[in-house]
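Order of writing sets the chain letters: A, B, C, D and E. Residues in each chain are counted from 1.
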């Protein structure tokens, strides 16, 4: 849990608006949604930050901005030392291949025409790995992901959601990137697989000191994984603190309500009777 | 803002088409006055006189400038072949072709599109094979061929429908245009059938179709409300893209059914190098095309709200 | 047992076409009690969703039902996949699919899609009143600006909102049996709690819920009974209290052990590494 | 292990390899017809005792007989022989047009869809201009200016067809560009070329095939329209379009030759559509 | 059907009014199918067959050709020729235009001046090259002065060039005359009613028609344009048309086979008449090796004319030896007959052809280009020509061009071809109507139709003399000798002359098809009682 002096990625005052048309309301009128509203966040090498928060609070958007898939309307993205802001549309050449993302929806994140082997090999190929090394790497990854080797020959539509999600994770970590943004990577996995995948992240971090922005709803699952917790609400970061602190003394009221709502895997406690009013 | 951009775009396209057609027509190794003489001899004075009357004795760019200048005043010139005012000619011929197109559009929407939806909903099945082969058939059989078949069948053998012409406005017109519209619609609609088919087939694989089924929607509702909706975009874009084309395509039915329409004068004028007529017709076609496409562009965000302004046509 | 709603029996399902097919669900049976929430947990890829789709009569064209039937206490039995089964599901079963991001129609407003559910369930329903009911349901699910949401297109909404809408659509039908395939995986825990409360209330009103989840916390909070699936078979079926007290199957034990908890001090959980 | 990774270089060709497993009947018949027609066109000079282009007026307008299966035309040429040799120019012309339109349209569409901004704006405007010009007239003028033969006719028709293909591909490319798997590849450092080659090209192939199979059918018809207007295949060479066009004046009285040419065109166009359909179906994911 | 009734038996004389038969037979509509629309219903521009068919029912000329193609006065009662260059015409009295005004000399003067006026740009302008002035001596006398004697002058006045319009109408509308919204006013049996361009022209009965013996009978005559031959025939079959006109039997008419089909229809009679319309291939004699007469003779001998006519035209054509067809021997028949018998003939004979070619400047054959457009009749002739010439080693490459380009070749300055396929119908039935436009050297360039680039001073001289020669016998001799020179030089290959057809429903009578282009078909049509 050593935090290096120089940050790997700095997000400074990121703002991102989306416009959408509301035809009925005002003819041709537009309304602007601030998906991300002035967020600053620093990620160091070897660090895992868990980003939690309300759904629709802009977590995915922030993650996409961090890897450069979305252009912020305002604010700076500083990776290593080079800076990138909205003025340039293309991702800087030197950044390529150094950051990866695990997407929220597993079904569309793999090319339906490629076999799993192809998909997993793609980043390696792009990173210039030679063939035998690629094959070895893919075998290792398949072991990590607990998927049978013969799955390599199959196409995405032949897998369950959880399996696809694991493959997507495999692709993200394959070429040993410096930063991984994982958008709810374990949401569709069963608990024991979840734990194994999280373990995997830990292992990889130890091996390659990758930094990780982990977007999740499962507070309990990241508790022992994350170094820092970041909480978002309505496009703003309401709390950033070390994991221990967060779980023991949450600062923001929203953080507290989150922690309270986490279901306890014990039917004798905290069970929902249905008598409580269902509003939040 | 969008209005101005689409207007500007429309003007650019129509202007380019005009200039292009003007230059292309003159790139042909053809003297329109030779066609006018039509197989009779003419003395040099007569030819010189005609050349002057039609302004063909001017240098190329002077002619172009003159034409454009007159266009701005709404003057399309006169036909070299018939000496009629081109604008009047188009005014005479265009309405009937537009009616023909309207009829074909109705055929397209009543026959071709449903055909595509059915085929797409049953992709791979017997019905699909039957319907798509049928629509392909309508697409590739030349109209003069199918035309004469239906004329012989309905016009002379059964004597149910008139064999030719456009009839008088009103019910008579409907009766006269029935067969032409059917053939034109089926031919023009065959590509749409296929497009709709594949887009419906694709939609049928989506999980929202499963959701609709889970809601308890019946097969008809799933196909016609949920899957069909996904093909609207295709229908509107393809129809718009084909609008100008259809105007010219109409020449085939017009010729076969003895209807004097826009397509006929355009092709005839092109064959006779009747410069002003060809140019004016090309402008009309491009205007129809641009209008249809601008309309479609405007409709797109309503049809598919996912297309933000960001995506579509900044220019 | 009197209060059993339906029973799934000997369900066997395979993917692929005949000679090369793979069976993903083997001879599975589940009984669902009226007014209870039955949880289905299990390994990812073990066939939970497949089972859910089969029950809801919505198995895709790549899969086929080898065997299986649905039986009712009165002695009536429907062959899975048969027309009788399908017409039963059409009116009596609601389904929340696993992938909420893609299961709403992208080209219709949310309001229209919800209203459709009401109107299909009750043919006499008027659209305006259906819309009102939809708004009320959304508010009950913790969506305050339900008017905006009803007017929005799915792509304008966050994943969590969309997930709630999908659940709402399933509920709108007022089904006897509600099948939820991981309904809360895209939601933050506060919203998840609201949904769970809602599910509980629905169950309390006498409906039956089949809840597929992998969050043992959720199981503990709302489940009444639990089936554990692995490799296409049900390895254990128990009352929820019994399961948490004394899991029988090795996989269940592993599952429970692996479940992280916030209520136990951090260092005590170190052992499941 | 080797078995699993044999196709890094061109792995999107993979679906092709599974083709021969299960050929459905209709596309198989369609393919057989096209092979037959192509072979017949090639072999007719050896098989038929008649010159397809020159006959003697003395043997003009003979009725079908054992010697002349479909009779002779007014020029005394064997109609069957002409029909078979006519397949050559027709197929070459339509194929060339289709291929050119597909290649130019797909590349242009990809470039426009992927690069956006100026490439996109210029391409779409040029397409619109081309589409706004009546196609037949554009083709007519181009062929007359470039020279009258089957190649220029194909080229001209290809140009007319590029915009539609381009638009379709552009739209598809725009959708594909936003899919997570393309974004993942971008993050992994993929160049535009890589994205095009590995993700977009395979993705647009169904669209390209669907459109091309249509283009093919229309190309035959449009070529015949050009023949009819006097700028297509030059006489006395036979091609189906010209035979059809010439026969239309006597359709009511001596329809045999016209019907045969029309039938040949229809069958071939249909065959290509069936094959295009099958390719599209097989190429699509999620089977 | 046609076998029961010999063609052309419909009788003109017993008109129903004269017999006082039932009034119910009067009136009604007569619907004629045409393949092309008229261009402009202005007599100054009435030179294409579709326009002529309509126009001559409305506007009458000073003269017309009778069934034997001899010149007869129409609006003129009589004329005198005090000098070879001066004509004095006495006009018929009591003739009214459709607008009710009476025909006066000033109207004739205005009409003639209009053709001469270069601003009118009349296609008939060339006929008026010798016209100097016209003058109204009184209300009913017109004096015309020519610059040089012109034997054909009165013949010209039987074409639409001699059509008479009211002076006021000319002054009012000028070059707008004949446009659909203006129409045209003449003295003919029918008046212009409406014109839906491209589709139909409607004429109405002129109740005030001057010729009381031959009044118009139909209330309306409707010309319907149906470009597709098959559809036109179908419309005739279904009863939507009463007549099909095939003006001049030229390439825009029905194909022979379709005529055969029409003959089989019940209640339809097909009339036919020989014409002076030619199908032929012009040989560009200004090109090597076609400047060699032997080459041209060889080409003629290699072309199987009889068989080609039989296969390509069938009943619709007769082989022709020269450009002065027997139908054109309207005067001094014997002179033409004698000359005709003497003409050299280039019978089809391959051996002979090879021999002739061997003795020519290009004994081993050569390659040449032939221009044709896409009309089936032309294309057929082109292909037949090309295949027959292969037999003697001449390779003819066919260049098929669009119609407008074809005409550009025909009338362009440079005549960049070796052969060009064409049809030819003269503007007036006189031998000179063929010989002068096609072979007079002055017509080689600049819009002229001398497509063979034929130039022979001797021929030119004879032709020019014949045009001024007042004595018919001498004129016939001059023309015959010119023709002999031409045939001897063989600057063309002739296929044959066309037969014209006219199909008419048996309910109608009153028209007999003649070779005359300018015979108004509707003038005497009436419905026969059953």
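Here, contacts are C-beta pairs under 8 Å (C-beta built on N, C-alpha and C of every residue); 3 or more make two chains touch, one makes a residue touch a chain.
This one's a predicted model, so the numbers in the text were calculated from it and none came from an experiment.
Peer 1: Which is the least count of steps on a path of touching chains running from subunit A to subunit C?
Peer 2: So the least number of steps between the two chains is 1.
Peer 1: Relative to the centroid of every protein C-alpha atom displayed, which chain's own C-alpha centroid is closest?
Peer 2: B
Peer 1: Among the chains, which one keeps its Cα centre farthest from the Cα centre of subunit C?
Peer 2: E
Peer 1: Any chance you could check whether B-C or A-D wins on number of contacting C-beta pairs?
Peer 2: Between B-C and A-D, the larger count of C-beta pairs in contact belongs to A-D.
Peer 1: If you average the CA atoms of subunit B and of subunit D, how many Å lie between those two points?
Peer 2: Going by mean C-alpha positions, subunit B sits 22 Å from subunit D.
Peer 1: Please compute the C-alpha centroid of subunit C, do the same for subunit E, then give the distance between them in whole Å.
Peer 2: It comes to 89 Å between the two C-alpha centres.
Peer 1: Between subunit C and subunit D, what's the gap in Å when you average each chain's C-alpha atoms?
Peer 2: Once rounded, the distance between the two centres reads 50 Å.
Peer 1: Could you list the positions in subunit D whose residues touch two or more of the other chains?
Peer 2: Where subunit D meets two or more other chains at a single residue, that happens at 140, 144, 229, 248, 251-252, 286.
Peer 1: Touching at least two other chains at once: which residues of subunit B meet that condition?
Peer 2: Touching at least two other chains: 28-30, 144, 148, 152, 271, 305.
Peer 1: Which subunit C residues sit where two or more other chains touch them?
Peer 2: 62, 99, 102, 153, 156
Peer 1: Quick check: in the complex, which residue numbers of subunit D touch subunit A?
Peer 2: 1, 4-5, 7-8, 11-12, 14-15, 179-181, 183-190, 194, 198-199, 202-203, 283, 285-286
Peer 1: List the residues on subunit C that touch subunit B in their complex, please.
Peer 2: Subunit C residues touching subunit B: 53, 56-58, 60, 90-91, 93-95, 97, 99, 102-108, 116-117, 120-121, 153, 155-156, 166, 169-170, 173.
Peer 1: Contact residues on subunit D for subunit E in the complex?
Peer 2: My answer: residues 54-58, 60-61, 74-76, 140, 144, 148, 227-231, 234-236, 245-246, 248-254.
Peer 1: Which bits of subunit D are touching subunit B when the two form their complex?
Peer 2: Those in contact with subunit B are residues 26, 121, 124-125, 128-129, 131-138, 140-142, 144-145, 164, 167, 174, 206, 210, 214, 217-218, 220-221, 224, 229, 244, 248, 251-252, 258, 262, 265-266, 269-270, 273-274, 277, 280-281, 286.
Peer 1: Within their complex, state which residues of subunit A touch subunit D.
Peer 2: 67-69, 91, 96-97, 99-101, 103, 105, 108-115, 117-119, 121-123, 125-127, 131, 134-135, 139, 149, 152-153, 155-157, 168, 171-172, 175
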